[in-house]
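Report on the structure given below.
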Amino acid sequence: MKWKVIEKSKLPALIAELASEYEIFAPVKEKSIVSFERLSSGNEAYLGFRNTKKPPKEVFFPQTEVLFTYRIGEKDVEIVESPAVKAKMMVLGVRPCDARSFVLLDKFFSFGEHKDLYYLEKRKNTTVVGLACNHPLSTCFCTSLEGGPFGKEGMDLLLQDINDKYLIETVTERGEELVKKFPWLKDAEKADVEKAKMLSEDAENAVKSKVSVKDVSEKLDRMFDDPLWDQIYQKCLGCGVCTFLCPACCCFDILDEETEERKRVRIWDSCQFSCFTLQGSGHNPRPSGKERMRQRIMHKFNYFVKNHGESFCVGCGRCVQECPVNLDIREVVGAISTRQVE
Amino acid sequence: MIKVKTAEKEWNPKILAFLCNWCSYAGADLAGISRMQYPPNIRVVRVPCSGRVNPYFIIKALQRGWDAVLVSGCHPGDCHYISGNLVARRRFAVLKDLLEYLGIEPGRVNFSWVSAAEGEKFANVVKDVVQKVKALGPTKRLVKGVVPYGKP
Amino acid sequence: MENLENSIREVAEKLLSEKKVDLIIGYERGTLPLRTTPCFVDKVEDIQKLVWNASCDANLSKYVVGRKEKVGVVAKGCDARLIAVCVIEKQFPRENVVIIGVPCLGVIDRKKIEMELGDREVLEAIVEDEQIKVKGEGFDLVFPKNDFLCDSCLTCKHRNPPIYDVFVGEKVPEITEANEFAEVSSLESKSAEERWEHFKEELSKCIRCYACRNVCPLCYCKICFVDQTMPAWFGKTNDLADTMIYHIVRAFHVAGRCVDCGACSRACPMDINLRELMKKTEKIMKERYGYEAGVSLEKVPPLGEFKMDDPQEFIK
Amino acid sequence: MNNPYIPNLAVIRKITTENEANDIKTFELVFKDLEAMKSFRYRCGQFAEISVFGAGECPIGIASSPMDEDCIQFTVKKVGVVTTALHNSEEGTVIGVRGPYGNGFPLERMEGRNVVIVGGGFAFTTLRSLTEFILHEANRGKFKDLTVIYGARNPGELIYKHDLEAWGKRDNINLNVTIDRAVPGWTGLVGFVPAVLKEVAPSAHNAIAIVCGPPIMIKFTMPVINELGFPPEDVFLSLEMRMKCGIGKCGRCNIGNKFVCKDGPVFAYKELQMMPKEY
């Protein structure tokens, strides 16, 4: 059966049962911040959020990740590989935009000759349970980026909030397997499915923000030297809010740590930081905010499209919400799309 | 690379001391040649002036797991470079206040003025610092790698 | 407010058309309710973009540092004070900037409103007199403005810019009775253990996005200490020790210079109350050296000078 | 699947100081695991990520020829954290190597043609690999005339002095070594690389040019290359960028949608003309 239902009151019991098999990550509310955290006895999943402050990418791509540890001996070095995966994992309550970001990240991390095992292994081992978006925010523009508030891409199961119940839609085989383990889940009634369909349509219509990325990609080809960049970057502070909170952005730095246990780690890095491309010689190919801003926009709407066939943005609106100076990516894309270029 | 072991059988604090070349280092020397007894817990870094001690040095030492830091220089007015210690004094005041405000135990960061003639004072300063640090126990706050990386 | 906005535009237009400045840095309408965004006007035609309201919270002095041309800056008390600090620190010559001083009754802290509303989103907001009217899906509320101002505005002692070239509007009464260090004092009264736990909890939220640093007009270093590689002083991971040290050192660096504009707290996406840390540096400077930043163009910041009889009770 | 972030361990067998300023050294490495050594097959122009444990990693071009199977050489200038740590290492130190990465020079395209190699300063490392490769008796017959133009600021800054000497004695290479300004005791060519290139004027007929050097040299060399009639598709440049991962993931070495670590570091001039000028 493709459709099941679960009463909201029974969800905690279901999560508790799943916890014996999976390491579960779910939105957790701490003061004003909702972010994905490992569920333990000390916290509980919070599904009343609009969208989480931090995206779920950190489940697969944590801010600091140990690549390996090593010991330096008298005359020798010994490397101890850190296994990427320890347990079966589950991410629960992922909004459709964020789930779509997994699809983009999958493409990126498996691209080319060398695969990024740290991401891919965790991803392979993880069941994604999505949560449809009945009330998109005013900053959401997922529908402009091949997604939607009830989108299923990147998920194994999709939960849809139909008042007192969640309608469970199975998306993949893995999702189906999972559902089978809980025979007590009731089959959905026709009315439930119809109700969800109605909510889905309402939600779709509620995404008012539109961004025209289609022609932007092609246009950016001819806009590398456009004076527009001189204008739009001016107010950018060069902080990492937009990139760190972006569900897709995944640039990183690799460092050796000075702790007693020696580690090589990778940490999030941002193309907006001034030292990101600074070379040892002192030369910096992206010396000012202009080039860095251009890199971010180009990467999302042109370079990634060329390499992977779609934009590197899912329209979650986090960068719009959180930018300290209200530099709105929707306006930037808008300015590009209406720009006259030869 | 300086390696600091924090966990030993009988715990003995490791204290990093920055001593100004002109006064405190000579003071420590005097304590030594006068056969004054003081605990062997300090490791000395000789610096040209207490003004040379960048607050980073102090913070870095705490991060690397030193149980305490002692900075010692010339008495005000005696600085070989006229005012290095006076500039340092303000800096240390702010740093110490700030660290303590964050909850770093007061005994972890120590300052003293010890002249070349004050061998006894030097021995007493060290005794005092060691005693305080022993009461505090091994350092944990600000030591890197003690707390695992952020969530998840 | 309306009047102030018009006056700002008039002044800006005059400055631009008389070629007294090449650029005006002010605020324009943002794309979200309760937000404005920095605006750079170099043509008289664009003057109408400039706005003034209780959401003009960005610290525009940030954008003066590093500029060669002459600029006119719309400056609240805190902005003007930071311009003064930057001038003392020779980041730009005083004559390069025309300070358009604007009296300020405080800016709205949208985080407080978000906190109040929980998961509800503001879709429309109007600020009138002393009220903030917010509307959204299924709610229509009125908040008293004074309860939703930024913490730094609640105890601000320089609502009228102490330094300016043109003053727009009428001076507003200053707050005299508020205790600006109340939060700091209450933390100080706790034990070291409690304070450590408090800051640990607060700072472990940090994601090292450096918004606090980059929004701060005083963080103008070409290469910040955390980005230095020769030597690489401190780590860039989100290990608690690294994060703590980053914030301690940043606080140390702004000590005696910070004017409590509150920009770092507002910029923080993780809602860390950085002001608790910054305000402490201000308190240290005031108590130890009797110094207040940004009220004079002559006085050297306290860490740039010394006195023979500086307090040294902490030195043995 | 192999984890690309784990380096192979290698021992520094020999360290040679290359220049008078003592900031360029060549490190001769032998893998600890001989199997790994065998499977480390590389092409001229590729690079590897070198780890100095405790300091970090950095990308370095491979300076030895793929024909030398018993060791790998890297010539490193002391500029940053890792390179400084490497310079401070002694013979016998264990370091890490992962790679080889990048595309390397287009050897297949060069076969049966004249090869012109133009290099300046410290960037000569991968060009040395290429020159040695072409000069190897097993390969020399595959290529036609070989012209090498190499310049440095002064004689003390010329690297690979032994090789230059050995090459100078051969008759199957046209070697032109130049220094920027005349100094007493120097009997060779004097002048900047572009000027010498103009003078030597290698024919563009059935030829491929490989250019590698500091940005200022490239800037003035390219017009001469054009003048000599080399078509843009037959001119190759090796680029430098800040890199971390070496495998196209960390996101900082891109020029447009191309990654210098993965799609480069060698690009045809024709390709570069179509790429954004951001390097």
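As written, the chain order gives the labels A, B, C and D, with residue 1 at the start of each chain.
In this section, a residue touches a chain if its C-beta (ideal position, glycine included) is under 8 Å from a C-beta of that chain, and two chains touch if they have at least 3 such contacts.
On a predicted model such as this, the values are computed, not experimentally measured, just so you know.
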item: Of C-D and A-B, whichever chain pair has more C-beta contact pairs; value: A-B
item: Distance between the centres, which are taken as Cα means, of subunit D and subunit C, whole angstrom; value: 50
item: CA centroid of subunit B to CA centroid of subunit D, Å; value: 49
item: Subunit B-subunit C separation of Cα centroids, rounded to whole Å; value: 35
item: Touching two or more other chains - residue numbers and ranges from subunit C; value: 207, 235, 237-239
item: In subunit D, residues with contacts to at least two other chains; value: 54, 80
item: Subunit A: positions in contact with at least two other chains; value: 63-64, 253, 255, 257-258, 265
item: Full enumeration of touching chain pairs; value: A-B, A-C, A-D, B-C, C-D
item: Parts of subunit C lying in touch with subunit D, wherever the complex brings them together; value: 229-232
item: Subunit D to subunit A touching residues, read off their complex; value: 1, 3-7, 9, 51, 53-58, 79-80, 83, 92, 94-96, 215, 240-242, 244-245, 247-257, 262, 276, 278-279
item: Subunit B residues within the subunit A interface of the complex; value: 3, 64-65, 144-145, 149-152
item: Subunit B contact footprint on subunit A (complex, rising order); value: 25, 35-38, 58-59, 62-66, 257-261, 265
item: Contact footprint of subunit B on subunit C as seen in their complex; value: 184, 187-188, 192-200, 204, 207, 225, 233-235, 237-242, 244-245, 248-249, 251-252, 255-256, 277, 280-281, 284-285, 288-289, 302-303, 306-308, 310-312, 314-316
